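Here is the structure we will look at, set down as structure tokens.
Letters A, B and C mark the chains as written, and numbering starts fresh at 1 in each.
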Amino acid sequence: MRDLLIIAALIGFFAGLFAVLTWAERKLLGRVQNRPGPNRTGPFGVLQPVADGIKMLTKEDIVPAHCDRTLHLLAPVVVVALSILTFAVIPFGRHWLPADLDCGILFFFAAGSGTELAVFMAGWASRNKYSLLAAMRALAQLISYELPLLLSWVPVVIVSGSLSTQGVVLAQSGWAFGFLPRWNVFTPWGAAGLVLFLIAAVAECNRSPFDLPEAESELIAGHLTEYSGFKYALFFMAEYFGMSALSAMAVTLFLGGWGPPLPGLGFVPTPLWFLAKLLALLFGFIWLRATWPRLRLDQLTRLGWLGLLPLCLVNLAAAGIWRSGRDWPGAGQIGRWLGAAACIGLPAAVLLLRAAVRRAPRTYAYRSA
Amino acid sequence: MSFGDLLEVSVGPHHPSTHGVFRMRVTLDGETVVRLKPVFGYLHRNHEKIAESISYLGSMPFTDRLDYMNAMSNNWAYALAVEKLTGQSVPERAEYVRIILAELTRLLNHVCLAGFLLQDMGASGTPLMYAFREREKILDLFESLSGSRMMCNFQRFGGCRQDLSADWLREAGRLIDRFGPFLDEFELLLAGNEIVLARTQGVGVLPRALAISAGATGPVLRASGVAYDLRQADGYGLYPRFPFRVPYGTHGDTYDRYRVRVLEMRESLGILRQALATLPEGPVLDPKARLRGLRPKAGEAYGRIEGPKGEIGFYLVSDGGPNPYRYRVRPPSLINLTALEDMCLGHTLADAVVILGSIDIVLGEVDR
Amino acid sequence: MKGLLQGLRITARNLVGSFRDPERLTTVAYPEQKLALPPQFRSFPFLVAGSAEDPIGSLRCVACLICQKECPPACIHIERSTDKKPDAAGKPQFYPAQFDIDFSVCMNCGICAEVCPFDAIRMGQDYEIATEERALALTWNRAQLTRAVP
């Protein structure tokens, strides 16, 4: 019974977060673009998600004549179900973990990867060559970024010694120098790991600047061309669930989960810290979407395989140096920091410099009268 | 060449990124474009034929609707053609006014292109909204002068329809002062952006020889390495009084076309400042100008200016009657568009959309 | 990398600025707020009448048909009267028995107002004339077009 309540609360909370996120995204995007965003449906447009929901639910559900009906129906269901499954292993607070699995992190990414299959199901079932092409391109993108996504948290497991999410959060408790929290992001490999994880997460969610599969200026609407009404809403919801889930996992792995940022703030209930960090990351997603154009598919995959993957592997070495230097005395700690920083910093600098040299702004000549 | 297992996609005419009702029949081999045939004519409105049955003055509002973003420039080109046909002279203040309005039009066209190009690249509207914020200020100026934001119908044969008031000049001066910092912010947003660099450098190269032989003009030609600008080459109006520089690129790719336009905007600001500072007094319409009932003597004339998109020209043949015998528009967008297939071959479909955006077409002008 | 981060800074500046600087939130919430129109703004033409008590009788238009001839999309249709009426100066003039403008064709170019020798037709500023029927609801007749100008 208690489990059912937890499940209901989880689904309710994240569905509510989805609604708030769509509203916040439109408002923030509007404000960045010097316009107010939705402001007619309710004060400050807060009822906009309700209006969108009503619209989605009342639209006619058009299914193509010769499509594979089972797969067509199954794809959105699978993608939403797997996304909700991933929430089960995230520790929202000190005692707020729905399912305490020994291999929670593995479970999370296993369920998350299943959603990629649903993307291909959607493209295949539509019996539309454009959808199929777009689905294959989307799949190429998702698979390219699975590896960096997974490799970016392996250092966390190496250092924390545990595959369970609660274990990872507990390993980040405590204070260094009396005030700095021992979050993984405050280490060289952790900062790099967070950046790599977030880049891969943005690509996994098909968010800008990696949203080529759903780009409007591309092959119609991509793999979701043949979906309308509630099924489309389910895909949409799954995208936001994926965003929330990956942000929640980033908070857990790198940002100390439910831990407060300063000593003495322990009286604040831990779920609030988690929520604050989650919202900060989600704001980052929206900020990226507002600013950067999108990458072409081959540039995207090249970034994944030739840019992120080597850096993730090098990050493993940096984490190894960090872990083995845990007990080095005195000045050895400085060596530990410098070693880990150099191990990941130098290759990153080399790659960035090479990219900057290959593509730089140009100067132009003029002809006077 | 057998197209058996190639995919033919029709991009448009209903498409968010084709800048109007324009269709591209693209044949793809995997992801690469192997053939691209543009199909247009969806916005054909018989402009040239209608002009044969209405008076010279009556065609002026229709020229607004050719390249509907640059109404003031189109008006000037047509007025120039009729003035050449009739031998009409234009007072000095009117020439200054025409230059001021044409350069303001160039600003609003290029800023619009920058916004739309980045929108096509997926920047979800942010640069577009900033560009339009500034464009609105210029359009407000046009509205307070001519009565309409875009369909200005302002130039007349022998000058302009209305004089610039002191308030308008003050407002224009303020706008020009604020435009420079806006351009700085806009460039900071995007010029060094690595994603923009990756999407535009090396994409859609138009070789110099092809640009010349295709008859391309305007920023498309200048980005391909030909520093040809009618304002310097032809010296129409009083442009020789305002020395300015013409930027040109060397690679001829999308990045060059985009950057050349941004640099041209800065040069336009220089011309505007000089023109506003030295604006002479006097009438804006020649007292002997005839507007209604104009019957030029039989002959022909070709009037052209360096519009923001390229050389826009009007070729008029008169047979002595009140309506032109033949009225022909040289549409820069259409002529620049003829090189589209060559620019797109070997690139992907996403690039084709960006390349089309960088040529800067307006279907009103392509189809007339 | 630097270019990307600078871009983020500009968007953040606009986001924060949209709450403080009116330059960074330029939307006008139509129809609750409306933009102030400049005096030059031209929308659709109207016929000038001398007095408000007898607008049709005090129309300045003498049905010279110049505006009908010069209108580029030919949306003006005038029927000249067969009799004459004295105008404001007392001189007998024709008057328009029918004066129709099809506003669905009119392109607000203002040439009719520009060429009228009698300043009998001017460009108005009213732009909210949308109707729900399509057929002839946007063709305004003489009575609808007349407006008394002080």
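Of note:
Here is the rule we go by: a contact is a pair of C-beta atoms (placed from the backbone, for glycine too) under 8 Å apart; a residue touches a chain by one contact, two chains touch by 3 or more.
Please read all numbers here as calculations on a predicted model, not as lab measurements.
Across the two candidate interfaces, A-C and A-B, the one carrying more C-beta contacts is A-B. Chain B has the Cα centre that lies closest to the mean of all protein Cα atoms in view.
Note on chain placement: the centre of subunit B and the centre of subunit C lie 28 Å apart, centres being C-alpha means.
In this assembly, the C-alpha centroid of subunit A lies 54 Å from the C-alpha centroid of subunit C. In terms of their C-alpha centroids, the spacing between subunit A and subunit B amounts to 43 Å. Multi-chain contact residues of subunit B (touching two or more other chains) are listed as 126, 130, 133, 189, 191-197.
Contact of a single residue of subunit C with at least two other chains is seen at positions 1, 3-4, 7, 10-11, 14, 26. Residue positions of subunit A touching 2 or more other chains, listed in rising order: 32-35, 290-292, 356, 361.
Touching subunit C in their complex are the following residues of subunit B: 50, 54-55, 57-62, 64-65, 126, 130, 133, 136, 140, 143-148, 151, 153, 161-162, 185, 188-197, 291-292.
Within the complex formed with subunit A, the subunit B residues making contact are 7, 9, 15-17, 31, 118, 120-126, 128-130, 133, 189, 191-199, 201, 227, 229, 232, 240, 243-251, 255-256, 259-260, 263, 348-351, 353.
Across the complex, subunit B is touched by residues 1-4, 6-7, 9-11, 14, 26, 38, 40-42, 66, 70-72, 107-111, 114-115, 123 of subunit C.
On subunit A, the positions that touch subunit B within their shared complex are 29, 32-35, 129-130, 133, 208-209, 211-212, 215-219, 289-299, 355-356, 359-362, 364-369. By the touch criterion stated above, subunit A contacts subunit C in their complex at residues 28, 31-36, 39, 287-288, 290-292, 352, 356, 361.
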